[in-house]
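Just so it is clear, A, B, C and D label the chains in written order, and each chain counts residues from 1 on its own.
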């Protein structure tokens, strides 16, 4: 698959961080309201590449595709607080989420661990939408035990030869590039001996197979590697040191997985549904709604403290799991309240293109994976118990 | 609690055996899988089998061609159908026929028992309250208004109105049907009535019929939940992570035992309510049914949540059976009314009984 | 300590089981209302022997001290259903709980495993209140791990010589006899090598020390054994086979620990308190009350199924834990709702002799041990997971 | 959220250091233990120390002899006092003084700041609602009615009435005091006023004072809960059963992490509300305080329950310190109003703000 590049001919950005939150919010709102293309808003499922491509193009052209990248590398250079404003406004308008593995995960990794050649080659391609990246961490049977991976890569002259299988690759069928964790030293202990490799999905021996879910969508894929040869240079960081990098990436990601936006959207849905069907007047419902609304606001306060710590460069450590644990469980609790209130209509399956703002079942299903992917709640509680509470193994 | 009479036990044994005509003994879900999302979401052939077995008349008096069996018997089938994810509108039909019998509406009963006509109750006007009289009115012999969340595929609707029961054929002039796909692959319909001429059959037992339907539905939910739990337990025993079966992790074990606790409470509450109903007890019967339905609803929600979580990623695939159960529970747990409405109703009755 | 015997000169009992529940209930109610002595009703704490002695005497004289013992042995011979009626009426009136370890635990054990001589000697003494028994199972540091006991008994000629310590002995300071689990084979594995011994608490070397709780009561005691010599005959069942007997006793006890009466009392308190302070009119409170009332009624239905199984002699197995788990947690949830509703008054400490019918904090504290003693909820869930759900170790 | 200003951080550092004058640095609870159940349940000597440190005037304007420090500073002390189970009615006194300042009632303020007079707020008329105007009336210059759950040991009561603030000495004619022992060893009093002559000081800021008191009390609860949790964690690490530290059992670990989650939420909510208050933000401040107090109350209840359960039998003995914390949480979690009342109030404000 090739992606014709978007032209990123935007002028240099001002320093958005110097603006007030309100002023920046007005800028974002104005931009979104005037430039969001004619594609779905408030989509309940992730849109596929052909669907979301127009929006990626608008963002790329404006230079807004990488909000947190430094301005000198083509990003917006937003601090955490401003980034949150951007997210809030995008969510408020119901903007579709673009394919962002490249900007959110691979980009920052290359900035920290990549070679200059890798940065020069890959970063602009992400900004222009030429490369759409997929993340290959999980393997069949390993689940939350990420380090139990069996995909191998062996050096054969100037090439790595990769064999194995990855699963639960988000939007993998839309990607032309994948980064993959593979075992490069079979003798080493579990976490050691793992390397971080970059693989074009059109290489010989790569097969991408969509996993159809119960809604008939293929948000996830399996990727099979059958003696796939990639250049020796397609490794990030040192050989056998991929695990630490992958973990660091996950840690950083978790602050943002813990952002209140998913729960906030779900709570808006709950209010809309309850106002529509009379539950809003019921004091018992209101009590439960109040509990959820207070949970959400408290989560916002907690999220803000983490954002401040990121902003000041303070370390976060194992406690970061707290955010993701609470946000994902809150999201689920809100979605379950939606199901209660929807009563006999709870199980309705939204028609394609239907208005998702009252979609109880869609929200319920969307909330399920959040306690499983990106570190299951169970594993995160194990880690928290040991690393943060210092409880014995 | 009165004991189940011995003939009831024997009836249940026979019903359970013959249920394999509809629910395969080997647990196969192939038929269920294939029928999904194809309107009306179930098989008319299987429906004829239900009719031939006499099950559609399970609760109907013998003089009307029914089997005149007890609620315990109907409950046994309901549980089996729940465990088998049976999509045919069996409980819905029992509810409709009990309304028709109570209203002395003779038309259609015969053809309904023979499976030729499917009758669905249209009793609810908002999707989250127990309001059989709501949403519709009858003026000068014509039906106006709306009902929601009616089982799809019916030939005739048994509409509860403030004045009594109205029977409306699905092709009546003035009837608008909005069809909705459900996540379990079945369909439901919201109905709108625009001045449809109809005969009204007085019916004083609408509440009784509604409560019996709720109780049987509790059994269906329990059947679904119980099998979903069994499948999950099996997965916990086999699936390994961090070099151990995940079922050996204490946190999961304790959560699994909570499901077991709720399952046993649900079973006890349902059986006690069924005995009270079969025993002709009226005092506190409604409260017992509200309890049973509320417990089963909570159980269904709990099992859906935990089955999805304990299966992890695999549960989202179309290949894994557990997803079918999660979807069924999503659709069925909300039937009738949310648990907090049932609790409010319970408190009203409690005050009245005191 | 010696207990002057009550005379048990009652005529032979009719077969209460042949009566209707309602008729039997009327008999019990009439008896209680006319013969309950001038001692506290609805006591929040267990009454001590001098306080409860008059009621024990009334029951002994009537022949009602051992409701479930066979009539030919001086009991009432009640089936489980009738026993429940008796309990309900006693609770309704607020009768104090008498010292019942002898009738509930030791008596049935002797009937099944004791020698004829033991039965002839001990059973009548229990009926007459001559022996007040204490149960010595728990040891310091062992907690829920009952089999981890370190008290030893060695044969020395015609005597067992016991050394060690028991703790959490209910009303131990009131007892003149104790039954004790002791290790009689140190080489055997944990559960093997344990015997069941009968020890007078006035024997040389026995020291009983009350454990003062935060309320200043001494409901529990420690008992120390310093080379205490008891006759060789003071063993129940075979040597080294005490564990199985003790476990069987606990299993049977658990059905009745799972009875709804504690939760029912607490719920009555909750209703009384809420009606008194206005919460009863609050729909949000009513919703929560309804949830608890429904839980209680469902528990009643479940309890009834177990009683029926006991009545028909069916085995119960590991599932019996379900009753105790749910009833004790429900009791605690009700007590926590009491604390909520009591607001700023929640922490009031009832004056001695005060009216316990609105006592939130007393109920809260009384509910705490129910998830710990008689098998902690955690251990019972472990057992349930393995034995009933067949989950792997 | 505005940042805490640097001088606040420095103030807090100094306050925290000097707090050892009242809360021993070694964590000893000997004084706390000994003072229990002896009326008034606290030490007048320690009270004088609080006065000498200037802490009673922490929130009072400098022109009245106070330190005029921010809520963040008061919160720091409140948390330390909560962790140390301090029985002196410090928060109660801050509340009373803020009422008196707001009402421009000059009498008593000086002697209260010097520790000679203890003033307690009498604001609540039923123990489970936020009703500062309730329960009392003023007719012809005389106070009638009742207030409940007032901190014991006060020399003067600051009584909130529909017309304003009344100051009533504890030996006033017509005042009946019902003294109650609390489970933590402190005392509270229900007051009855029978035509007590009094001056009424108009006070428009009763709600503001009440909400600030609730916020500081949230900090106290958090301090108590946090230390109780630390003690419990230590017990989990050391206590062995079935040959392993019980803290290694996954089910307990997962429950412990839930406490940690709630603790962090509580801390964040309290600090955010304190910043809003110090920053002079009024919009949504009341809602932020209701949230903070509700979270801390729930946290207190959760920790009391889990600390008791995780300690098992040992927690019931008078020797074990954890029992003191459980009792303190039992008494304090219910102060002001049950969480469901706070939620109802939150929803009213949310509607009004929309």
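In the analysis below, contacts are C-beta pairs under 8 Å (C-beta built on N, C-alpha and C of every residue); 3 or more make two chains touch, one makes a residue touch a chain.
Not measured: the values here are computed from a predicted model.
The most distant chain from chain D, with centres taken as the mean of CA atoms, is B.
Interface comparison, C-D versus A-D: the higher count of C-beta contacts falls to C-D. Each chain gets a centre from the mean of its Cα atoms; for chain A and chain B, those two points are 40 Å apart. One simple way to say how far apart two chains are is to compare their mean CA positions; for chain B and chain C this gives 43 Å.
Those residues of chain D in touch with two or more other chains are numbered 249-251, 253-254, 340, 343-344. Residue positions of chain C touching 2 or more other chains: 282-284, 287, 378, 381.
Interface residues of chain C, counted against chain D in their complex, comprise 138, 141-145, 148, 167-168, 211-216, 220, 277-279, 282, 284-285, 288, 332, 336, 339-349, 351, 361, 364-365, 368-369, 371-373, 376-378, 381.
Touching chain A in their complex are the following residues of chain C: 282-284, 287. Of all residues in chain D, those touching chain B in their complex are 249-251, 253-254. Put simply, chain C touches chain B in their complex at residues 283, 286-287, 289-291, 293-294, 297-299, 301-302, 304-305, 308, 319, 322, 325-326, 378, 381-382, 384-386, 388-393.
Taken together, the chain D residues at the contact with chain C in this complex read 124, 126-129, 148-149, 180-184, 188, 239-242, 249, 251-252, 301, 305, 308-309, 312-313, 315-318, 323-324, 327, 330-340, 343-344.
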